[in-house]
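Here the structure is laid out as C-alpha cells; the discussion comes afterwards.
A, B, C and D label the chains in the order they appear, each numbered from 1.
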Amino acid sequence: MRIFEEMESEVRGYIRSFPTVFDRAEGSELFDESGARFIDFFAGAGTLNYGHNNPIVTDAMIQYLQHKGILHGLDKATVAKRAFLQKFRDTILAPRDLKYKVQFTGPTGTNAVETALKLARMVKKRSNIISFTNGYHGLTMGALAATGNYFYKDESYGSRINTAFMPYDGFLGEGVDTIDYMRRFLADGSSGVDLPAAVIVETVQGEGGINVAGIEWLKNLQAVCREFDILLIVDDIQVGNGRTGTFFSFERAGIHPDMVCLSKSIGGGLPMALLLIRPELDQWQPGEHTGTFRGNNLAFVAATQTLRYWDNDDLVKAVAYKGDIIEKTLNKMVEDYPQLEPKVRGIGMVWGLEMAPGLAGEASRQAFARGLVIETAGANDQVLKFLPSLLIGEDILHEGLGIVRDCLALLVENQQSIMTGQ
Amino acid sequence: MRIFEEMESEVRGYIRSFPTVFDRAEGSELFDESGARFIDFFAGAGTLNYGHNNPIVTDAMIQYLQHKGILHGLDKATVAKRAFLQKFRDTILAPRDLKYKVQFTGPTGTNAVETALKLARMVKKRSNIISFTNGYHGLTMGALAATGNYFYKDESYGSRINTAFMPYDGFLGEGVDTIDYMRRFLADGSSGVDLPAAVIVETVQGEGGINVAGIEWLKNLQAVCREFDILLIVDDIQVGNGRTGTFFSFERAGIHPDMVCLSKSIGGGLPMALLLIRPELDQWQPGEHTGTFRGNNLAFVAATQTLRYWDNDDLVKAVAYKGDIIEKTLNKMVEDYPQLEPKVRGIGMVWGLEMAPGLAGEASRQAFARGLVIETAGANDQVLKFLPSLLIGEDILHEGLGIVRDCLALLVENQQSIMTGQ
Amino acid sequence: MRIFEEMESEVRGYIRSFPTVFDRAEGSELFDESGARFIDFFAGAGTLNYGHNNPIVTDAMIQYLQHKGILHGLDKATVAKRAFLQKFRDTILAPRDLKYKVQFTGPTGTNAVETALKLARMVKKRSNIISFTNGYHGLTMGALAATGNYFYKDESYGSRINTAFMPYDGFLGEGVDTIDYMRRFLADGSSGVDLPAAVIVETVQGEGGINVAGIEWLKNLQAVCREFDILLIVDDIQVGNGRTGTFFSFERAGIHPDMVCLSKSIGGGLPMALLLIRPELDQWQPGEHTGTFRGNNLAFVAATQTLRYWDNDDLVKAVAYKGDIIEKTLNKMVEDYPQLEPKVRGIGMVWGLEMAPGLAGEASRQAFARGLVIETAGANDQVLKFLPSLLIGEDILHEGLGIVRDCLALLVENQQSIMTGQ
Amino acid sequence: MRIFEEMESEVRGYIRSFPTVFDRAEGSELFDESGARFIDFFAGAGTLNYGHNNPIVTDAMIQYLQHKGILHGLDKATVAKRAFLQKFRDTILAPRDLKYKVQFTGPTGTNAVETALKLARMVKKRSNIISFTNGYHGLTMGALAATGNYFYKDESYGSRINTAFMPYDGFLGEGVDTIDYMRRFLADGSSGVDLPAAVIVETVQGEGGINVAGIEWLKNLQAVCREFDILLIVDDIQVGNGRTGTFFSFERAGIHPDMVCLSKSIGGGLPMALLLIRPELDQWQPGEHTGTFRGNNLAFVAATQTLRYWDNDDLVKAVAYKGDIIEKTLNKMVEDYPQLEPKVRGIGMVWGLEMAPGLAGEASRQAFARGLVIETAGANDQVLKFLPSLLIGEDILHEGLGIVRDCLALLVENQQSIMTGQ
C-alpha cells in the first residue's frame, strides 16, 4: 500500500474506507491480492448494476479487441456505436414510446449534467437553474453549482452562480408539500427566484442519503415545469439502469422528462455517458459540445450487451424480488435494534439505513473487516447504503445482509463506548 | 448511416467531416465496414500517440479481462493501479527528477483541468485565473471559462467568470513580448487584472491552430509566476505523451510547472486523466473532488504498457526523425503553392499548415476522399493539422503527406472556383 | 410637458402616473404650476416623513447657505457633520442603548445596501447573502441581486449571483413558519444554500406590497442568525425614521441588528444615507468604500433639525393616533366594498389596501384626478399604498382618505366595465 | 474631532489627510472652525468646478427654498427640472449638435455608471464590458467590476464578473498602440475576450493618476467600437463640466459617444447625476431603473445656474489661460527638483505631478500644514493632483502653486530622511 501513500493525492477516499489492494472481481465478489474475498454491496457507486466482469460483457469486449475494433472514435460513426444505438432504440426507447435524441457526452456523469444544463440554458435563453436540497450532480463547476453538499465547495470557486435550491420531497418534514413551496416562488414575479431554464432532479437521491421522491411529488414537479415552461431534467446517473425496478427511475411516476442524464451502469462498468434530449430541444450546432472520449467504443460494445437484460422482464422481476428481501431484512433490523435509532428508506435495489450519528461509518468499517464492502451516504454520512448488483445471487445477498446484522448487533453492544469515543 | 441521423444529436461533428462507418483500426490505419482503408493523421485528436490497437496494449487488456481483473475501482487500491503508479514513477517522474503527487481525476481532460483550477483557487484563496488567447481547456463550465473560442459559449452560460485572457506568444505580432504585457498588468495594482491563483497554459496550442510558444516565452512565464506567487499549470493533455519530442511538452523549456494536466494518450486510447501536483499543494480533504470513473483500471493496464516506450530514448529519436520529415515536406509545399498563402508551424510531431480562408477545410475533405483522415484547427478552421501516431511507419507517413500534396495541387487548380464558391 | 417627452428617457415613471408640472409644496400639500393643489399620500416614497419644506428644516438650510457653510465635504470633518453626529448619538442611539458606528455612504439607499453587503462579505469571508421574497433593496448591481422583483432584471445583467431568497413572513400562507424553513436549509450542509455572510431584511416590505413581518418572526430570524453566526442587516430605508411608530422599525421586535441601512427621510428630503455598524464589524481600511457625495453637508443640516422630533415622544404618539385613523378607515372601506376583494395590511403610518387585479392602479389614477397623490406597490401593483407624512394634519388626512373612499365607490360602480376593459 | 473618532466608521479617509473641522467656504477658499484659511486645489474631487458657494448658485437656492419649491420630486415633472432640461438642451446639447436623451439617475456617479452598463447590456444582449487599466468608475458592485484598483476589491465580493480590462493609452509604454492590441482581441473569435456590449472609458483618468488619452487613441477607440458594434460609454464624471477645457472632455477628440455619464460638478456641488443616451438606445421600460433621489430639485436649480457659464466662451478661455499657468509652473518645478523624479501630466485644469514613491503623500501633508488642500491619485498615491476650481482667481492659483513649490523644496531638503523613514 505504501506507494499509494507516497504517490497518490490526499484526495483519495475509498482506499481509506476499504484498505486493501483489490485484484479480481466476479459478479458480486471482490478478491484482494491475498485472495481474500469481499461481498460487494457498493457496486461501484451504481456503476456495476450488471455485476463485475459479467461474462457476456467480457466475452464481447475480448472479441472486439481481438477483431481490432476501433476503441477511440471521437464522434465518428462506427459499427460498435451503431449497434448500441440500434439496441438502445429497440430495447429501451421504442417499447416505452420515448423519442429522445441521443448525445454521447464525455464519458462521466458530471459531463452529461454539464451538457444538459448548457443546452437548457441555450435553448431557453435563461441562466437560472433549479436544483434540490441534497442533490448530487457532479463536481465540475457547472454541475457543482447544482450539487447541494457544501463539503465540495470553496468560497474561491464562485460555484453558487445561477442555481436556486428548492426543498426536495420530505425536506421540510412530513406532510409539507414542497412542490407547492416551489410553485409559490415561481408564481410570484418578486420572489427573487427567476424563471429557470430547467429543473434538475434525481427521483431517488443516492448520495443525498437514499431519499425517495413520491410519485405524486414527481407528477406535480412535472406539472409545475409544464405550467411555467421550464425544462425537466432527470439525472438518472445513479438510479437509472434498473436500479429502482424499471430501466428509467422515472417510469414509476409516469412522467416524461425533457432530458435524461445517463452514465454509470450504462457502460457496463466502462466510462460512458449519455444525454437523452427531446428532439425539439436538440438545437446544438455541430461540435458545440465536444470531448475527447465521447466515443469510447469499447464501452459501446459492453453497453450493447448489458441491454440484453432488458429484452424481457426477468430483470424487473428479479429486482422486485430481491428488493423485497432487502426491505424486509432491514425492517427487521430496525425492529431489533431501536437503540441505533434506525430508519429505512429505499426502493427497488437501492436502500438506506439511517442511524444515529457516527454509527453508519462504524458499521461500514466493521462490515469491511467481516468481508463486506458497503459505503455510507447523506450529508453527514449518516446512512448505510445498500447498492448491490441487480444480478446478485440470493445466497450472497443474504450473506451480506447477515454481516450487516452482525455489525449492528456489535454496535449495540459497543454503543456506550462508541458514542463516547466520538 | 441513417440511424445516426435519426437518433444522434445534431451536435455530432466528425461524422460529418469523415462520413463513413468505421470498423477496425491498426496502428495508423483505419478501415470502414466496407473494408476501405484510411491513413490516420488525426490520432484521436492526440489520444492515439501509440497507434490504434497497439498489440502490447491489446494483449495486456485481453489478459486482464481474462484474469477478471477489476475494471471499475473508484479510488480503491488495485493491483493495476499500483503497477501504473510504479511504472509512472520509475519511468517518467524519477528520471526527470520530478516529485509530483498523482491525482486520478474523472477520465477526461476537462475534468483534469477543472480539478487543477479548483485546487489552485482553494490553495491560493484567490478566484482569478489567467488563461491565454486561443487556449483550449475543455467545455465543462470551469474549463470553458478558460477556453478562448467564443463558438463554445453562450450568453446564458455565464462562463466568463473569474478568468482574464492574456495574449499568447505571438498573438500581438512578431517581436511583441506578450509576457511583458502580462507582467505590466500584474505589476500594476490598478490594472483590473487581479492577482490570479494560477496561470493555465498549453506549451503548444493544438485546437488554437498549432501555436508553438517559444522557449524564452515559457521561461519568462514561469519567472513571472514565481515573482508574483502565481501557480503555473501546464495543460499537457494534447501535446504531452511525447507529442513534442519529450514526454512532457515543457521539458524543452526546462520549466517546472506547479501542476500538470494529462489525459488523451496517457490511457493508451482508453479514457483516463491525471493531475500532477507539487506535494506542498496537495491540500485536498479526502473525497473533496471525486468522480465515478476515476479508477478506470483497464486504462491503467493500457497506460502501464504504453509507458514502456519511455524505457529508452528510441521514441524520442523517432519523433525527431519523423517530425523532421513532416517539417521539410510541409516547407516544400509552402514553397510550391504560394497561391494558398500557406504558413507552417509546429514542433515534434504536431504540425499545422495555415492556408487562406476556407482552404484547410476543403483540403481535409479532399484528403478524406483520397483515404486520409486529417482535421483542421484554429479559430476559423484555417489550419490543416498534422497529428499522426508517433509510431507511424515512415512509408505511411510519406503516403499521407503525398495525399496532402495532391490535395493542395488540386486546390490551386480549383482555387478560383473555390474562392468564389464561399 | 413637451420637453420631458422630447428630452427625458423613457425610463421616467411617476410623471406618467401624476401628469402635471409640480412647483411648490408645503407639509402634505403639493401645488402645480397652475396653482392646483394635491394632497400627498406618497411622501416621496418615504423620504418626506417630516413633510415638504418643513420650516424648521428650511430655515436652517437658508441660514447655512447664508453663512456660506461647506456644502460638499467628501468625508472631511465639518461643523455640520459633527452637529449631526452629536444629535444622532444623543437623541437616537444613546436613549436606545445602541452603540453603532456610523458610515456615511453615497447618499442613496442602494449605496447604503451595497456598503452593508460588501462589509458583511469582507468580514465573514463568505460571499452568499440571504434575502427575502418581495424584498426591495435597490437597483445597482450589488443591491439588485438582493431585490426580488424580476421586472428590474435582465438575463444580460448576471444579477442572480450569490444571493439565496427565502420566504418572507406569510409568503407560504397563513400559519407556515418560514423561519423554520430557512433554518432547515441552514442546518443541512447539503441543502445547497451555503452559509451566508448576512441576511438582509425589511421589517415591513414597502415596495413588496406592505407586508408586515410579525414580531415572533423577527425575533426568530435574529435567533437563527445568531445560531449560525450570520450577520443580520435591517434595511430601514423606507420604514425607518418613525414610519412604523418608532424611530427604527425593528424596535417593536426588540431585536438588535448587526447593521442598519438608513436613507430617505434621514436627510429631511435631501440625499443622504447612513450605514450603522456594530463596532466590532467596522473593519474597513480608510477609504475602502468611498463616494463623492457621502458628505452632503446641507443634508446633515436638514437631518439634524428633523431629529428634534425625537427629543420627546410626541411624534410617536401622533403616529399611533393617525395610524389608528388610517387603519379604521381602511377597515371600514373593506367592509363597505367587498366587491373589490380588498385586504388591509400595515402598521404605524404605512398601510396597503390590496385589491383585485388592476383596481389599485385605477384608484390611484382616479385619486390624482381628484387631487390626491397616492401610489401603488406590490409585484403586480395590486396594492394602494398609504404613506403620508408623519406630520400630516388630521383634517388633510381625513380629506385624503375621503378621496380614496370616493374612488372606491366609483370603482364599484364601474367595476363591470373596468374588469372587462382590461 | 473626538466625536468623529468615536462615532464614525474607520472607512473615513480625507479627515485623516486634512485633519481639521471645516466650517465655511467661498470660491477656492475653505475656513475651519478656528477661522484658519485653506486654499482648495481639490475642488471636492472635481465636484466644485464652479467653486464653493458660488453666489449665483447660492442665491438661486435660497430663493427656491423661500419659494417653497419642491425639493424631492422622484421623477415627477417639476418647474425646476424643466428649467434645467431647457437650459441643458439650449446651452450644452444644441450648440454641439448632440441629440442625447437625458436620464436622471440616482444622484451619484456610480449610479450613472451602473445605469449605463445595465442599459448597454440590455440593449445589446451581451454581458461582457471592456474597461481600462487604472479606470475608476465607482464602488457599487456593477461599477466596481469596471474599476481597476484592487484596493477596493475583496475575494468575497465576486466583483470580477463580465469585465475585461484592456490597456489604456500609454499603459504598455511609449509608442505602443494599445487600441491595436484591443482590436486583435476583438478580431479573434478565440481570444477569450468575448464581444462586449460596451466599452467604458475616461478620456482623462483622474483617480488613475491623471492619465490623458491621446486624441488619436480616442478616435481609434471610437472606430473600433463602431467596427465591432460595441457601444462607447464615456465616463465624464470627474473630467466633464469644463475640466479639460471644453464642457465634455471628449470634444477635443471629435468623438461622439453612445452614452455619457455626468455627475460631480453638474449639480453645482449638490448630489446629481445624469446619463446621456443616444435616442435609439433609450429602450427602458418606464420605471425599470429608479432611485429615490433621482429628482433632487435643489440640485436642478443649482445646475441650471452653473450652465450659465457656458453661455459664452469666457470659461473656455479662462481654463486655457489658467491651465497654461499650471502647466508652466509644474514644468519649472520638474526642472528645478529632478531629485524627486517628477513627471508632469495633464490637460485643461487637471494636472498631476508624479514623484518618487512616498513623496506625493508627504507633499500633500506638508501643503496642508501650509494652508493648501491638495490630494494624491494613482494606484500607489504616487501623483500629486491639481484640481482647483475652474473659477479660481489667478492670485490664489499662484499662491497655491507657491505652497507646492515650497513643499517640494522641503522634500528635497529632507529627502534623505524621508526615503529612509518609509
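Here is the rule we go by: a residue touches a chain if its C-beta (ideal position, glycine included) is under 8 Å from a C-beta of that chain, and two chains touch if they have at least 3 such contacts.
Just so it is clear, the structure is predicted and the values come from calculations on it, not from any experiment.
Any chain that touches chain A and also touches chain D is listed here: B, C.
Compared with chain A, the chain whose C-alpha mean position is the greatest distance off is D.
By number of C-beta pairs in contact, A-B leads over the other of A-B and B-D. Chain centres here are Cα averages; for chain B and chain C they lie 57 Å apart.
Averaged C-alpha coordinates give centres for chain A and chain B that are 31 Å from one another. Distance between chain centres (mean CA atoms), chain B to chain D: 48 Å.
The multi-chain contact residues of chain D, meaning those touching 2 or more other chains, are 125-127, 151, 155-156, 158, 161-162.
Looking at the complex, you find that chain A touches chain B at residues 1, 3-4, 7-16, 18-26, 30, 33, 44-48, 52-53, 58, 61-62, 65-79, 81-82, 85-86, 88-89, 101-104, 106-111, 114, 117-118, 121-122, 124-127, 138-143, 145, 151-152, 154-158, 161-162, 197, 237, 263-264, 269-271, 275, 277, 282-293, 296, 298. Within the complex formed with chain A, the residues of chain D that make contact are 155-156, 158.
Touching chain B in their complex are the following residues of chain D: 125-128, 131-135, 146-151, 153, 155, 158, 160-165, 167, 171-172, 181, 184-185, 188-195, 208, 378-380.
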